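There are two complexes below, and they share subunit A, which is joined by subunit B in the first and by subunit C in the second.
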Partner chain A sequence: MLLLIARRLGLGLLVALTVMTLAFMLTRLSGDLAISIAGPSATQADVEIIRKAYGLDRPLYVQFFSWVGRAMVGDFGQSYFFKDSVSNLIAKRLPITLTLGLVGLSLALIISIPLGILAAVRENTWLDRGVTMFTMVGQAIPSFWLALILMIVLGLNLGILPISGTGTWQHFVMPGIVLAFTAIPALTRLTRSGMIEAMASDYIRTARAKGLSRARIIFKHALRNAAIPVVSIAAVQLGFMLGGSIVIETVFALHGVGYLGWESIAKNDFPVVQAVVLVLAAIYIGLTLLSDILNALLDPRLRTG
Partner chain B sequence: MSEPIAIHAPLTSRVGVAGFTVGIVIVGIIAVAAIIGNQLVPHDPFTQDLGNRLKPPFWMEGTQAGHLLGTDQLGRDYLARLVYGARISLLIGIMTVITSGLIGITLGVLGGFFGGRIDDAVLFAITTRLSIPVVLVALAVVGLMGSGLGLVVATLGLLLWDRFAVVARATTMQIRSLDYVNAARCAGASTSHLLVREILPNIASHLAVVATLEMALAILLEAALSFLGLGVPPPLPSWGLMIAEGKDYMFFSAWVIMIPGVALFVLVLGINLVGDGLRNLLGSERSR
Partner chain C sequence: MSALLDIEDLEVMFGGRSAAVRGASLQVEKGETHCLVGESGCGKSVTALSIMNLLARGGRRSAKRMSFAGTDLLSLSDREMARLRGNRISMIFQEPMTSLNPAFTIGSQMAEVLTRHKGGSRTAALERAVELMGRVGITAPEMRLGQFPHQLSGGLRQRVMIAMALMCDPELLVADEPTTALDVTVQAQILRLLATLKRELGLAILLITHDLGIVARVADRVSVMYAGEVVERAPTAELFRSPQHPYTRGLLSCVPVPGRVQRDRPLGSIPGVVPAIGPGFAGCAFRSRCSHADASCEREIPRRQAGSAHDYLCRLAPQFSEPQPA
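Right after this comes the complex of A and B.
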């Protein structure tokens, strides 16, 4: 078990280091950063001053290692646009994104687990087909478009929720619904297939033979086993949702990490871009690690991995 | 596949075939519209007419004869733009799938076939790719390098190969030691012959399912990027861009975001229905 955790941890660190390298290369794609920061009206002298001030005159590998070295201790440098340290900015925005992610994930689980169970116990009926159809429709709705429709219906026509911004808990309701919608199709399908597999297994047949009630079989025996993949995927899904929340945060002007990423891209604020990519990747890596460990705890067969 | 009861099986396959047909019809119609639509619509998608701004579509009051779906905030014909937008969506979907398919299938087949160190490297690449936040990185690339159709395709192609690799790797592993592959190997076939002539054709059907999923995803992502202003540049009428441009007027005339949004939804749904149908066909083939 310890060996498994150690190996996964090592792999996670290696992945994080690779992502760091990619994030660094990514922001150098545009060619000369000093020129893009200085803007179109800058003179050659301005560009040179900026190049010096931001240390862009040093060789690339020096810039890279100094960035990696400082990022290891949580120092991502200074933002060019926000005039604040990048770590401060992210620390201020992260709680908003995490709240949104948790609201979205909870909503998604509340809807998709019952739906998945329902479809599985009524497999191959019209109800099952209906649930499948619902997941297909859900998968095809563009999240930013759903966001706009909710704004029109809930915000303008019914006037029960604020249209955009950050502040009260009400501001998280619409973005939470939209974010949940992005995860519901996958989670519903997973619950359904997990339940179908569990219902066909020998221990369910035994439970049936013992004469247990249908409800007891479904909830006590089948669900417990079907829950294992759902729980572990839910952690991974949360990572995807945090990464995908950039679109939703931008539409609703919810000032989370995703919105920060979008702002900094628009402003050519590359230290922030690098850091946001890295932080989102690190959260994802952490969550997959967590889900591996969780899986091993739930299912002893995986512990030797 | 050990499901013992198959009383209701015909229902699934019947509905599955119906869904597949509907999907093919939807995608077919949109593809035809994308190819010849602009010859049929009497307006140009780029010509502005500031005297005729935001005229509503035919089912609403105050509509302008000749503009079936109305006009946008610059007086450009909405139907002409919608039809041109279909071309952009389909082009991006297809090109992205070709790019990401090449990368993902190559990696997956190599990893699955050779195993060992090569497979470790492929798995590491997949893990790394999954930890990269796709939307953010795509936005950053386009934001830093300047927007453009080719760049969007290249970026999405380089980011969306993970599922191709996962499926190609798993299916290759399943068949690499089957009799017909071994027979070809014993007959003296080269490794490249084994990979291209024996392995690839036998995993192609699974990859086709992945291709539909990835195409739908690429189309949605392009729309999202264009919606955020970092995708296909104006005045090109990408559906995502049309929704972004209509956003300022949506509270007064909701149809400006409804029309491109519904188009996007229907296209993605159609592609997903095709994919789902393919998967069901495969499933019934396997159980036979």
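Right after this comes the complex of A and C.
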């Protein structure tokens, strides 16, 4: 078990390094940073001054290693636009994104797991077909559209929820619902197919031959096995949610990390862009590790790996 | 004399189209080992599953009578039937590798049978599990409690299944080809184990198999199944000595028996395969493969007696031809 965790941690570090390299390269590839920082009305001399001031005149590898070196100790440099250190910016924005992500994932799990189980134990009934239909429609709805519809209905027409900002917990309800909707179809279908497969297995026949109650067969014996792929995908989905919350944060004017990333890309604030990418990647890596550990807890066959 | 398990005219349908079992009758007495034999697809497993009411979705059973120790199994609710399963009737399966839940320890899977049916503490149930694992010949039973199925070999898993089936002291054990997936030495051990358990615990065993060697070794009585019907029932020794139904004779001629098979003479075989039986089929299902068949085989076939506990389903009279070459 410890070996497994150590191995996955090592793998995670390698992924983080790769992401750092890619983030660095991609921001450099997007054009001459000095020119875009200086703005369209700057003279050649201004650009040169900016190039010097930001250290952009140094060779690429020097820039890269100095950035990586400082990033290791949590120093991501200064934002060009916000007049604040990048670490401060992220520290302020991260809780909003994490709250949103957790609300979204919790909602998604609360809805999709029971729905998937229900569809599986009522396989090929109108209920099952209804659930499948719902997941298909859910998959097809773009999140910005759903966000706008919710805003109009719940925010403007009914006036029961605020439509933008982060003041109270109510502010997180609508974005949470929209975010949950991006994961619900996949999680529901996965739960459904996992449960159907488990219910048809030999060990469920054994459980029935043992005279166990239906509830125990479904929730203990079948769900435990069906949960394994669901956990893996849920972790990846949460990663997607945090990264993909850029759209939702923008629509609902939630000033989270996603919104920060969007702003700084628009303004070519590349230290921030790099840091945002790295933070999201780190979250992703953490989640994958978490799901590996959870899976090993759920499935004893993985523990020796 | 009322049998422990008494089935008369069992019919099992899947999806209303094909009949997997067509009027099978079967009696298992207290404390006997009763073998249900027949080739693949003749309805043996379906018969076993329908006793337990564990038929796959879409399977429907009906019977003139289906009683266990005086209880009518057909009138039981799902909940009442669940109370009987694992408790008074246990079942083990052909696939020891996949029949245990991979996600739970052996101890937890064994203990839950006892706590479910008899109540009591988990600790007491685990003690019982250890005792039974020792009894079925599992070494280091305490260690097994914390192990997972994937850490055990196929033979050990089948022993765990057997021990688990015995947790509540059942009166009947339904064993559906319990040794088919195991290699020969393990197979012999499991069969010996079943025979010992039957003797020591007074357990009745309904053993489903296609292997006549197994029948000869362990059975007290035999029911031969063909195409969804029980075509012959007899005490084991009598069945091997004087088989009546042409199908039973065919089956027996396919197995080498020391002292009975002559050198340089080929073993017998039954030509053809089990026919698909559609709805409205009448007469003998074996007639297309039977060398004695004539037009009268298309009519209703009587059940004939060939001894006090020996009957068969064929229009031919007992000893209708030369007995098997001895």
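Here is the rule we use: the second predicted complex is superposed on the first by the 304 of 305 C-alpha atoms of A that agree within 3 Å, B and C clash if a C-alpha of one lies under 4 Å from a C-alpha of the other, contacts with A are read in each partner's own complex, and residues count from 1 in each chain.
The criterion applied here is as follows: a contact is a pair of C-beta atoms (placed from the backbone, for glycine too) under 8 Å apart; a residue touches a chain by one contact, two chains touch by 3 or more.
Given the structure is predicted, the values throughout are model-derived calculations rather than measurements.
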{"item": "Clash-or-fit label for the pair subunit B, subunit C on subunit A", "value": "fit"}
{"item": "Subunit B versus subunit C as contact partner of A:R224, first or second or both or neither", "value": "second"}
{"item": "Touching partner for A:L298 - first (subunit B), second (subunit C), both, neither", "value": "second"}
{"item": "Contact breadth on subunit A, by residue count: subunit C or subunit B", "value": "B"}
{"item": "Geometry of the superposed three-chain model: angle at subunit A (Cα centres of subunit B and subunit C, steps of 10 degrees)", "value": "80"}
{"item": "Touching partner for A:R208 - first (subunit B), second (subunit C), both, neither", "value": "second"}
{"item": "Touched partner set for A:R7, first subunit B, second subunit C, both or neither", "value": "neither"}
{"item": "Minimum C-alpha spacing, chains overlaid - subunit B and subunit C, in Å", "value": "5"}
{"item": "Touching both subunit B and subunit C, residues of subunit A", "value": "none"}
{"item": "Subunit A-facing residues of subunit B, complex", "value": "2-4, 8-9, 11-12, 15, 124, 127-128, 130-137, 139-141, 143-145, 216, 220, 223-224, 227-230, 240, 243, 247, 250-251, 254, 257, 261, 264-266, 268-269, 272-273, 276"}
{"item": "Subunit A partner contacts - residues on subunit C that touch it in the complex", "value": "52, 54, 78, 82-87, 90-91, 93, 95, 98-105, 112-113, 116-117, 148, 150, 161, 164"}
{"item": "Residues of subunit A touching subunit C in the complex", "value": "201-203, 205-214, 216, 221, 224-225, 298-301"}
{"item": "Footprint of subunit B on subunit A - complex, ascending", "value": "11, 14-16, 18-19, 22, 26-27, 29-30, 36, 123-126, 129, 132, 136-137, 139-145, 148-149, 151-152, 156, 196, 200, 239, 242-244, 246-247, 250, 258, 261-262, 265-266, 268, 270, 273, 276-277, 280-281, 284-285, 288"}
